[in-house]
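Order of writing sets the chain letters: A, B, C and D. Residues in each chain are counted from 1.
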Amino acid sequence: MKNWRYIAYTVIIAIAILFPFYTGTYLQHTATAILIYLSLALSWDMLLRTGQMSFGIAGFFGIGGYAAALTHLKWGIDPLLSIILGGIAAFFIAFLLGLVVLHLRGMYFAIVTLALAEIFRVIVRNLHSVTGGPEGSVLPSAIFGGDPSKIYWLILAITITTILVSEVFQKTRIYFATTSIRNDELVAKSSGIDIFKYLIFVFAITSAIQGIIGSSYAHQYAFVTPEETFHIHFTLLPMAMCLLGGMYTTMGPVVGALVLGTIADYLKLQLPYGHLLVYGVVIIIVILFMPRGIVGTVRERLERGK
Amino acid sequence: MNNQRCGSFEYPAPLIYLGLKLLDKLRYKNYQIAITLIIGGVVLALWKPFVLIEGLQVAGLYASIALPMALILGIVGIINLAHGDFMMFGAYFAYWFTVYTGADPLVAIFPVSLGLFLIGMATYRGTIKYMHGAPELIQLLLTFGISIVLQQLANLFWTSQPVSIHVGYASASATIGTFTFGTYGFVYVAAAVILFIGLFHFLRHTRIGQAALATGQNPTGAKLVGINIDRIYLLIFSISIALVGVMSVLFLTRHSIFPHVGGIFTLKSFCLAAMAGLGNLTGILWASLILGLGESFVKSFMGYAGWADIIFFVLIIVVIMVGSYRRRVK
Amino acid sequence: MPILETKYLTKTFGGLVALNEVCFELNENEILGIIGPNGAGKTTFINVISGVYLPSSGKVVFHGKDISELPAHIRCKLGIGRTFQIVRPLQGLSLLQNVMLGSLFGRGYSLKEARKEARGICEFLGLAQIERDIAKLTVLEIKKMEIARALATKPKILFLDEVMAGLNIDETKEMIESVQKIRAQGISICVIEHVMSVIRELTERVIVLDRGEKIAEGPYEGVSDNSRVISAYLGEEE
Amino acid sequence: MKGKWAALICVVCVLIGLMGFSGWATAQKLPAGEPIKLGAVLPLGDITGAQAAKAMKLAAKEINLKGGVLGRPIEVIVMDDEMKPATGATALDKLATVDKVDVFIGGMASGVHLGQIPTLKKYAKVTVWIGAASHKVEEAVGPDSDWYFHIHPWDYLQGESYREGWTAINKKYPHIKIDNWFMAYEEGAFGTASYKMSLDLYKDWIKIKGESFKSALLGGGDYRAVLRHAKEANPDVFIWLAYEADAMGFMVQAKEIGFAPPLFIGSPPGWPAGFGKSPVSEAVTVYGMWAPAIKEVSDVSKHFLEAYTKEYKEEPITYFCPLGYANVYVVAEGIKSAGTVEKAALISALKKTEYKSPMGEIITFSPSRIIKNQGIRKQKILQYQGGEQQVIWPFEFATSKPKYPLPGWDKR
């Protein structure tokens, strides 16, 4: 049984890696876009497993994007290295802010992360000399000269890393820590868990992932602007994907992102006008009939079937 | 006897007595706050009177839009991401109504609020009702879906071209000396105050309101004492959406409407509700006042308007952090 | 030297005094009972000792070391284990995983070691079918799971907050035996209980709290004759 | 459970309706022969993109009715960019690889287009673009992209054009004063870029004060602070640089605080429905490229206006509508004179374009600051008079004389 699973994973990964060899540029670009949202959704879920709901994905995404673009532009740092720098920047900013804001819980944490993302955006917009102000900054060229296959592999590598990190979070003591913190902080601390340490750790790691994705995005499209790079849809869409797929698992956000991403693209081809309407309707319908998300509800059904 | 005595030779006494009683009522801390506010207000009125007036008007707008959201959040327990989109929809209805009947837009308050009441009901019956027992966050996603649908419907029906209605009284103004200011904006202040008093009265002094309050605080307990919580949720949700409808008409009289206009008000209302604390209606008024005045103050300095947003969000963070710190210390 | 003592421990919430200058000592390998009417401050007392709340004034001394300012998870690691009055199983985890939590973080064991340790503890307490989901457990099993989770942190002192409440006579008997077995391992135990027969059977010494104050201390028989205790506690209960 | 199913049924009905709607919208009769494919990327959710797409299809239909180009029909394939750079870039990929289009057309927002440029460079197909005014886009395109044709004027070309316009107006009507300006610009990319560009271009010409504000489109809508600062500055000319959602607010709030400068200019990409009918619009000066009134002086414009209104039963309300129409015609005529869709030939044919556009002027291509093929360079200065936009400059297209100064708010 277990072996089958590993074989299946290997096959899926192989298919994913070989994807550019048997598809056109368009599908590669679409897949890249879906993988970007997939990683964001998964990183959001990883923090959600501690019970903390962040509304600040776009903030760290944007910080990563700007850090990568500016280090590349001003100091000529290699794009790949600057992507990692973007992640590091997001990591440290999240770490420092986490020291303060991770005392908050629930809705208060959500709002403060939302506010922080907006503050990042306003600061970036107003620092004309460094960031290029509201007009943003244009990079001389896209990463890998815009080669879609290489960009796809880059994003795929980041996605697989994110999935691995998520699995590490699920399979090690971190799983016990996050689950107990989410369920009952009193039990968690009475069982010897340093809640604050774990929250900061998870917050910084997930923000770093978001930063890295933001950096790659900036390099893929070779520009950053405050309105585009910090756009709220980088917060809302991943959340929707994760919730639709199912929370607290690796599988959930992955399935959610694949389903919503594919639907969005299919609809765009079928219905040039009004596809976003159908997209919204699909979200509502899926939620109505699968209130625990796709993975959660399917699992529940299977268990009941047993 | 008493009246006579007060009225005749000890006439300042009742005034002083009233004043003392009022001060007594304000607890020590509130008293400090009140004094600071009054002094701040007077200084502001002398230094930059328009900051005070325009800040107040903006605050009124924020508060009156945020109040219904706080109601849903506090009682039904849903972060309604479609809040502003309901307002957008209401405003389009009002626009439609005005264009077709040629009546004054304010007349549209009645049909629009009724229409939105029904839409709210249908939304609840068709979707949110089935979400009880599901993870709370799923409701967030649901309202996100509703928000997309409303925006896109509006885009299909009315296109993205902004529409606006011009009514003469919306730009009414008054002049004191050399200082000219708009008076119509006070309608938002009035709306906020009326809404607040109405809701307060409804929640405290009517049976349904009390039941709603109880449901908001403890749904399981409310169920045990025989409250039909599904009814309460339906009612509160629909009423809130209807109130949004009322606001949407007032909004239309001064603003352009387009399909995405609601998004920012969802965001701001959500922020205000969080800043005030869960289900705290009075807090909404204070929070709006602080943010409205803060924004206007920053904007009043030439060249600093770009930072006004920061004030909004920094204030929110500060208030929430201070509140959390106080709670922890306690 | 006592293993744990509190010195003039006071805890206030706003204007409300929940604990008022409580002094107490717990000796090595002793079973101590804490009794008192509802709202006497028993659970607050445990919460302050285990670090859920920080004391407003006074000290908590463990092995001669002042631990009043340490956070809860450090105290857990030092060896203060506890259960909760209202059971707090972690949903979504199995029985075994719930117990493992203690050894994973309280002891810093690896997953493998923790699993082995948790199995041993479950066996020790007579918990079977340990892979079951927590939602499918009986009341007794959940209560035992709570104790097992606390034991998994290898405590030197164990606070049991009303673990007998809601159990029938047979179950209570079983539980008492378990507690005695735990004590036999060299762990000091502090029992909060409403069921007087349990206190009588289990404890060597009792302290009585009322409205945040310690009003009596001594063997159960002596304390139960104390007039202050009767008026404050027994009288009120009738 | 009933409600849930009812919701589902409603949705299915709406879906079917939509499918039908979009099928109807895209159905088109084509002459025989392998079609020449033009791939357009536009924000279909926005009125600009939606109308531009319709106008493109109208142009293609007209061309096909006349027998197409080189005996082949023209087919316009439209993709939505949803105002997102990533979506816009992916749309180009789809058009290039799946539909195998011959030419890229379309475009609206600069922010989206910046994200499309790496993709455009990858395919290096002939591209004729009607959107994206930002000079950042020109920097990103670079000097070597000879396949890139840009019809819309760059922001600095617009700026230079207005300078030319006001100088001419001032010469002809000396009583119109244009020395002191106050610019209120929205704080996003569009407004800020325009303002910076104005400071740079006009520094030896006029005195400029300026301040940013938040557009209603991005959640603002309270302009009283910036209007007060403008009132204190007491300028000869007040101009606001933002979007159509801000139009009414500016007028109403200026009236509210009693600010009536002699010249009141707005420069949004379009105007809200019903703006002209409100009394506050009278004598407001407008920056733009097109107005229905141009039909008085241009036959192409008249034909376009009538054909569009007849075809879609709606009025063109943004200048992207005639631009989209012109876009297809420019490409079609280029292909016709090249006699092929082959790249090199098409590029050299397009360079020689001389197309009489519905905007009035003749579109030709010549180098701008960086790129080689820039189309339109001139803007128009218009004015609301009696509820209609009238052209007051360039004088060759003028449909009316400027009304000056702006009548006081109490005199309307």
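Definition applied: contacts are C-beta pairs under 8 Å (C-beta built on N, C-alpha and C of every residue); 3 or more make two chains touch, one makes a residue touch a chain.
Everything numeric in this text was worked out from a predicted model, so none of it was measured.
Chemist: Counting one step for each move to a touching chain, how far apart are chain B and chain C?
Modeler: 2
Chemist: With chain centres set to the mean of the C-alpha atoms, which chain is at the far end from chain D?
Modeler: C
Chemist: Give the identifier of the chain nearest to the protein's overall CA centre, each chain being represented by its own CA mean.
Modeler: Centre-most chain by C-alpha means: A.
Chemist: Which whole number of Å gives the spacing of the CA centres of chain B and chain D?
Modeler: Distance between chain centres: 38 Å.
Chemist: Determine the centre-to-centre distance between chain A and chain B, using the mean Cα coordinates as centres, and give it in whole Å.
Modeler: 33
Chemist: Rounded to the nearest whole Å, what is the centre-to-centre distance of chain A and chain C, using the mean of the C-alpha atoms as each centre?
Modeler: Using C-alpha averages as centres, the distance is 43 Å.
Chemist: Residues of chain B that touch two or more other chains: which are they?
Modeler: 127, 130, 152, 155, 263, 267, 306, 309
Chemist: Could you tell me which residues belong to chain A and also touch two or more other chains?
Modeler: 125, 273-274, 276-277, 281, 284, 288
Chemist: Using the touch definition from the top, which residues of chain D touch two or more other chains?
Modeler: Residues 4, 7, 45, 50, 187, 218 of chain D touch two or more partner chains.
Chemist: Which of the chains touch, listed as pairs?
Modeler: Result of the pairwise touch check is A-B, A-C, A-D, B-D.
Chemist: So in the complex, the part of chain A that touches chain B is made up of which residues?
Modeler: 48, 53, 100-101, 103-104, 107-108, 110-112, 114-116, 118-119, 122-123, 125-126, 232, 236, 239-240, 243-244, 247, 273-274, 276-277, 279-281, 283-284, 287-288, 291-293
Chemist: Under the stated contact criterion, what part of chain B meets chain D in this complex?
Modeler: Counting only chain B, the residues touching chain D are 50, 54, 58, 99, 125-127, 129-130, 152, 155, 159-166, 168, 170-173, 175, 180-182, 184, 254-256, 258, 260-261, 263-265, 267-268, 296, 299-300, 302-303, 305-306, 308-309.
Chemist: Which of the residues in chain C end up touching chain A in this complex?
Modeler: It comes out as residues 50-52, 71-73, 76-77, 81-82, 84, 88, 90-93, 97, 100-102, 104-107, 111, 149-150, 152-153.
Chemist: Given the complex with chain C, which residues does chain A contribute to the contact?
Modeler: Per the stated touch rule, the residues are 172-173, 176-177, 179-180, 183-184, 186-195, 248.
Chemist: Going by the contact rule at the top, pick out the chain A residues touching chain D in the complex.
Modeler: 24-26, 28-30, 33, 36, 125, 133-136, 138, 141-142, 145-148, 217, 220-223, 225, 227-228, 231, 233, 268-278, 281, 284-285, 288-289
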